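What follows is a structure written as structure tokens; I'll ask about it next.
Each chain gets a letter, A, B, C and D, in the order it is written, and its residues are counted from 1.
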Amino acid sequence: MFPGVDGFHWTFGHIFFLSVFVAVALTILVTLALATLRTARDLRTGKAAGICWHADFGELPEAERRCRHELAGRVEHRTCPNAFDCRSCPDYARFADLAPTVEPRTYGMNYPGDRFYHRGHTWVRPETDGTFAVGLDDMAERIVGKPDTVELPAAGTEIELQGPAWKMSKNRQTIRVRAPLEGTVVATGGAGQGWYLKLRPRGQANLRHLLRGAEVPGWLAGELDRLQLQLTQPDSSPSLADGGILVSGLMDAMPKADWDAALAATFLEP
Amino acid sequence: MTSAATGVVMADRRLQVRGEARSSTARFALWLAPWVLLLALGIYAGGLCLYYGLNQTNMNNRFAFGLWIFLDLGIIALGAGAFFTGFLVYILGRTELKPVLNSAVVLGFICYSGAMAVLMIDVGQPLRAWFTFWHPNVHSMLTEVTFCITCYLLVLTLEYIPVVLRNRQLRKLPPFVVFEHRMHLLMPVLAGIGTLLSFFHQGSLGGLYGVLRGRPFAFRQGFAIWPSTFFLFILSAVAVGPSFLMLVTAAARKLTGRKLVPSNVFPRLGFISGVLLAAYVALKAVDTLIWLNVTSPAVGFAPWEYYAYKPFGTTLLFAEIVVFGLLPAVLLVQGRWLLPGAALACCGILLNRFVLTVQTLALPTLSFDPFLSYTPSWQEVASFGGVVAYGVILYSLSYRYLPLFPQSKEQTHVSGR
Amino acid sequence: MIPTRRDLFAWGGGLAGGMLFTPVPWKVLDDVSIWSQNWPWIPQPARGPVEEKLSSCTLCPNACGMRVRMAAGSPVGLSGMAGHPVSRGALCPLGFGAHQLNWHPSRLRNPLHRGRKTSWEEATAAFRKALGEGPIAIIDGRTGRAASTVLERFAAAHGATYAAARTAEEKALGPYQRWTGVPTSSLGYDLENARTIVSFGAPLLDGWATPGRFTRLWSERAAGSSNPALRLIQVEPVQSRTAAFAWRWVNVRMGSESALASALARVLMEERLVTARGPMPSESVNELAGKTGLAAETIQSLARALVERGPVVAISAGDNPSVAALNVVLGAVGARGGILRRGGGTKSPVPVEALSGRMRAVLIDSTVPWEVRPNVDAEVFRFAAWHGGTTTADWLLPAPGFLEALTDVPTPPASAIETYAVATPLMAAEGSKDAARFLAEIDPAAGSLEDAIKARCEAIYHAGKGGLIGPEPQPVKGLASADKLYEALGNGAVWTGEAGTPGGLRCDLKEWPGPSAMESPAGWTDGWTAPVLPPLAAKLYRESDLRQAPARSDV
Amino acid sequence: MKARYGMAIDLDRCTGCGACMVACASENNVPRLPKATERTGITPMLVHPVSDGKTGVAFIPMPCMQCEDETPCVKVCPQQAVELDRATGIVMQMPQRCLGCRYCMTACPYHSRYFNWWDPAWPAGMERTLNPGVAVRMRGVVEKCNMCHARLHAAEDKAAEAGKRQIEAADYVPACVESCPTGAIRFGDLNDGASEVAKASRTPEAFRLLARLGTEPKIYYTSKRAWVRALAERHPAGEPSQPAAPVAAGGGEVKHG
């Protein structure tokens, strides 16, 4: 039936059928090729972390997509439409000036006001030399306790917002810590130094997407709630808190709990 | 527990969808075990057919098609839910059906890949299957079927890949996530192509029988080059696809004890299924009347004779149109007995495919032909059992390790609080 | 530079793309396609020059002329020899597959002694010993051949009994031999001139005598016509194929053929429908009619139909004196369109059924059908090309298979015309020996086949009658010598003598014969000497519902 | 000039001996396989016994009907393994291109197509008797009567050698035609009005099986018996006739014709 095959002659049927078939096959192949090429381009231009985050964000239940302004009580109910990236949020300004209605509390944990908090339980502190120190917040410290290993990126590494900043392990559980900010690693610290990384931000630093002040209590309340829910097993004790304060070294204290799920729920990606 | 077993349990846990309760590894293994056995038996039986040839089956020169073709047609029709749901979601924008989309894609992939596997055993020389692409006969319905099914299986694979890439271990690799994202953006194109392909091959499968001038039981008049069965097959497949999707989802819900989809999805699917089924039944009835009164007598065949041989009596025709057609249509539209309605509809389409495949061949054509019957051999039954097992296993694995029902996490949360 | 993963992908993609522009993938595709069309284990026909030879089928006495297509030294197809005076270009369904018989799994390749492999030397020694002790019998399946001459000569020289098995057609001619003294091998039916034939169970359309002879005649003169030039009346208790296509089918009670023949004779004589006078059946028409299950009126009208259009001849399935007597009454013996005496033929030997009692040994030629077992207590030396299953033979001696040995083909039974042909070996017969050669090795005085055939050629040449049919048709008188005749016969020509003429045979009844037991009608497999059927003929029985399988089948 | 080869089979002459079936199998290298039955065997020429339910008996030799219009098998084959040769009118099956989907078998109302359920096999040595003009088919492909196409080739070669463009009619005779002892099967060019087949096909006794399906078979049958001619179509208002059953012995004279 194809040219070159014995006894071939064109008919309308051949032309029509072949055209349709070739069109369909080409469309499928072009689609596949487009997706592949665009993937390669995204990987090359460093958009991968953002896309991964968007995908993750898309999977979050609505209850976990609460806007920071709702956390601060500036608005009754608002679901974040921007994957928690307030820098591109057109409505940010509309709510930012409203007065918060929640009273400041930190549930017995240490959340200093000089820092900006990321929902992945890291904080960012502007340093005097124009860099930003990045560390693990108190809730994460309490959960993990003393990590077994810490794998920090080498100085000079470019890291992307929401991409992996560094990795830790604890009780055979790997924890990927999300980066709160994009930039270049200029120095690496560790648990003992109080900070893990120092970043030089790419371009003008903008920390608008990080939580601070009155937003922190609302956020923490939700996080504790979720942690409680994840760790509450029918056969385990319901209490995470010792006298109202989250116990330190929770992973050591409750080795049998489903940390896989619990860490995921608190954005510490296992 | 040995360390190997611990390792398996750990690996199993690590692959599971995060934050959703799944049964224990042991329970899951226990569930899979019989299916794996059935699959192994099916592979053995299929191997026998490939190694020793089709003499392993009970098919013969008169019953050139048998159990396999009947069930292939059946599962391809049931798998129509995949393209139809994609069409509804991406092309018509019915986003309320999005919760079942992944599940529909996996089901479609299972049905089509299973049917392809059986077809490869069913043809005498599978190694020459590609000749169809080199020497295609454009006038043959089977060419259309082969082209469309091959392309559509490719489309389904492309649709299934993103679902697989959402497995949480694979997601740790950014290229996969990005690729999935990019594929996702292009999905409407694939949904459109899939709809076109499905439309034509579901139709061509019906045309397969409708063009058989030599088999007046199957032969139908039609429009242009397409006999009426072409359109009836499309309509019946899109009518039953959502029903089957509903049945499988309901079975998964029953087995897992979890609410997998929002409560508005089933009535919606049922309504679509019911309305289409009603349209199908109406057209089928008209077609049957024309066939019995015009088409058949014109070529010298008395319609009463089609139903003169037991067990193919007129009850079968009645069952096909009323019990498995009209009744489920009413049940589905009315929305109270959705699952029984869906089950009846699925049985109806299987009965229709059975009648067209088996009765067509069993009925005599020459005046001195006897009426024949055939019983499939164990190899035929077992290879098909293998395909069913393959489907169950693939669906179970997909359910366990892939986010088949993306909204189910939210459903759990809502119900959990 | 260390290649990165991306480089590897790029190279791989480039390589794959570039390959498409080389002949490699296309050649591979082509090879795969050719390979998938020819599995190495599927046998393919041997290539070689194709030539066509003329010969005669030797698997039964009916002597059909054959064209044999040979390729690469093996016969690859058989068809009938057009213009053959008796078989008239037809072969029976068994014959069309006969060329495959030599490779039948049941083919005998070694002498067997009571199921154990043995050697020709041992067999010869055992036979010599038996010969010395005596008495012995030698059984021939087809008399009148050169080989028969050797067997008979050997028997005469060593005081052995020479007996023969006969086909149903020969048996049916038995009464005439008894009444006239003319051997059955010199008698034939002048069917070509008959206008009414009444057959008592003879399967005229289904393998009777040389199959092409009557089927062609029927097709030319009777088929499809309600008032045929040749009226075939079939008397048979079941609707056989012959009955189904006969002009009239007379459905008689099983075994009452003699009674019907007698009743017909009585009606013919009582109503003076014939001129013949002589002994009459002792029973009345009504008594006889009662035995047949027919009304007396039916028999009367049948008798009138018989004489309505002469010449008329009655043919019985086996040795049935009543039917023969009916022929006498009808005046068919020695008359045109009846039973004629023709040239050739040999004195009838002792029938194998007549052998009984105790003997030292019996030698059975391969032409004797496998089922024929002499009723004697003796050491049996059985020649056969194929093992036919259960046997009482002590020695099974492999005879040459189909077209593997020189043999001559005398006039087939029941033919009204004398013929002679020679089948030359077209293939080598390894390790096999026929009975004539076996005996000639023991006693060279018995003579050789070649000499016997040449002697027959001499006789035909000197008689100067008839002519050759085949590649170069010519009268015998036109031939330069007897050797030329021998040569022409070896090339597949068939010598045809003169047809029998009326008047050479006269027969008077002394008394009306008593009833005889009816023999079951013979078909193609009667006289078929191979105990197995050609595989392709077995297809008829197993792969279609055309026929009931005979007892003799390969499966 | 184009030919349309066809047959006219006289059912009043066919005695159902089966010689055509054996000659066909021999010519076309069809094996006898131990496990093949009447439903799985390969019989490109098959003789069906039929009866009128009383004493009428006929045998219907059925090769491929060589349909000419809307040829059911040609139309459905997905990969052009069947073609209608416009120069001869022969429906050509090319087993080496067939993938064995058997769709053509379901399409054929005459059941004239056969599937190779087994690999062909012969007892040791018997493959030497294979006809060199015809390739052996492997298992898993469909085959049917090609009107002894190898013989047509041979006749064309012979004509070409002699420098002629037309073959001699006597040089191309299918095996079944050649083997028929009663001459019931007549063969020739239907386009040649003077040929025996063309004349026979125009007689009032001529009919074709299931002619109303519109497949225009080129195999004609002739019979003077009305009940045999009625077998052409499924009787719209009678019981379906059954294959021949032996008639019980009763007593009495039966007339034919």
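Structural remarks
Note that a residue touches a chain if its C-beta (ideal position, glycine included) is under 8 Å from a C-beta of that chain, and two chains touch if they have at least 3 such contacts.
None of these values were measured; they are calculated from a predicted model.
Any chain touching chain A that also touches chain D appears here: B. In this assembly, C is the chain whose CA centroid lies farthest from the centroid of chain A. Here A-B and B-C are compared, and the pair linked by more C-beta contacts is A-B. For the pair chain B and chain D, the distance between C-alpha centroids works out to 40 Å. One simple way to say how far apart two chains are is to compare their mean CA positions; for chain A and chain C this gives 97 Å.
One finds 62 Å separating the Cα centroids of chain B and chain C.
In chain D, the residues touching two or more other chains are 37, 40-41, 48, 80, 97, 119, 138, 243.
Residue positions of chain C touching 2 or more other chains, listed in rising order: 37. In chain B, 125, 128, 131, 134-137, 139, 143 are the positions where the chain touches two or more neighbouring chains simultaneously. Under the touch rule stated earlier, the contacting chain pairs are A-B, B-C, B-D, C-D. Only residues 13-14, 18-19, 134-139, 143-144, 147, 151, 154-155, 158, 171, 174-175, 177-183, 186, 189-190, 193, 196-197, 403, 406, 409-410, 413, 416 of chain B touch chain A when the two sit together in their complex.
By the touch rule above, chain A contacts chain B in their complex via residues 1-2, 5, 11, 13-14, 16-18, 21, 24-25, 27-28, 31-32, 34-36, 38-39, 42-43, 47-49, 51-52, 54-55, 59, 61-63, 229-230, 260-261, 264-265.
By the touch criterion stated above, chain C contacts chain B in their complex at residues 32-33, 36-37. Put simply, chain B touches chain C in their complex at residues 125, 127-128, 131, 134.
Residues 10, 12-13, 15-19, 21-23, 25-27, 29-32, 34, 36-38, 40-43, 46-49, 55-57, 59, 96-97, 119-136, 138, 175, 178-179, 181-184, 223-224, 243, 246-247, 249-257 of chain D are the ones touching chain C in the complex.
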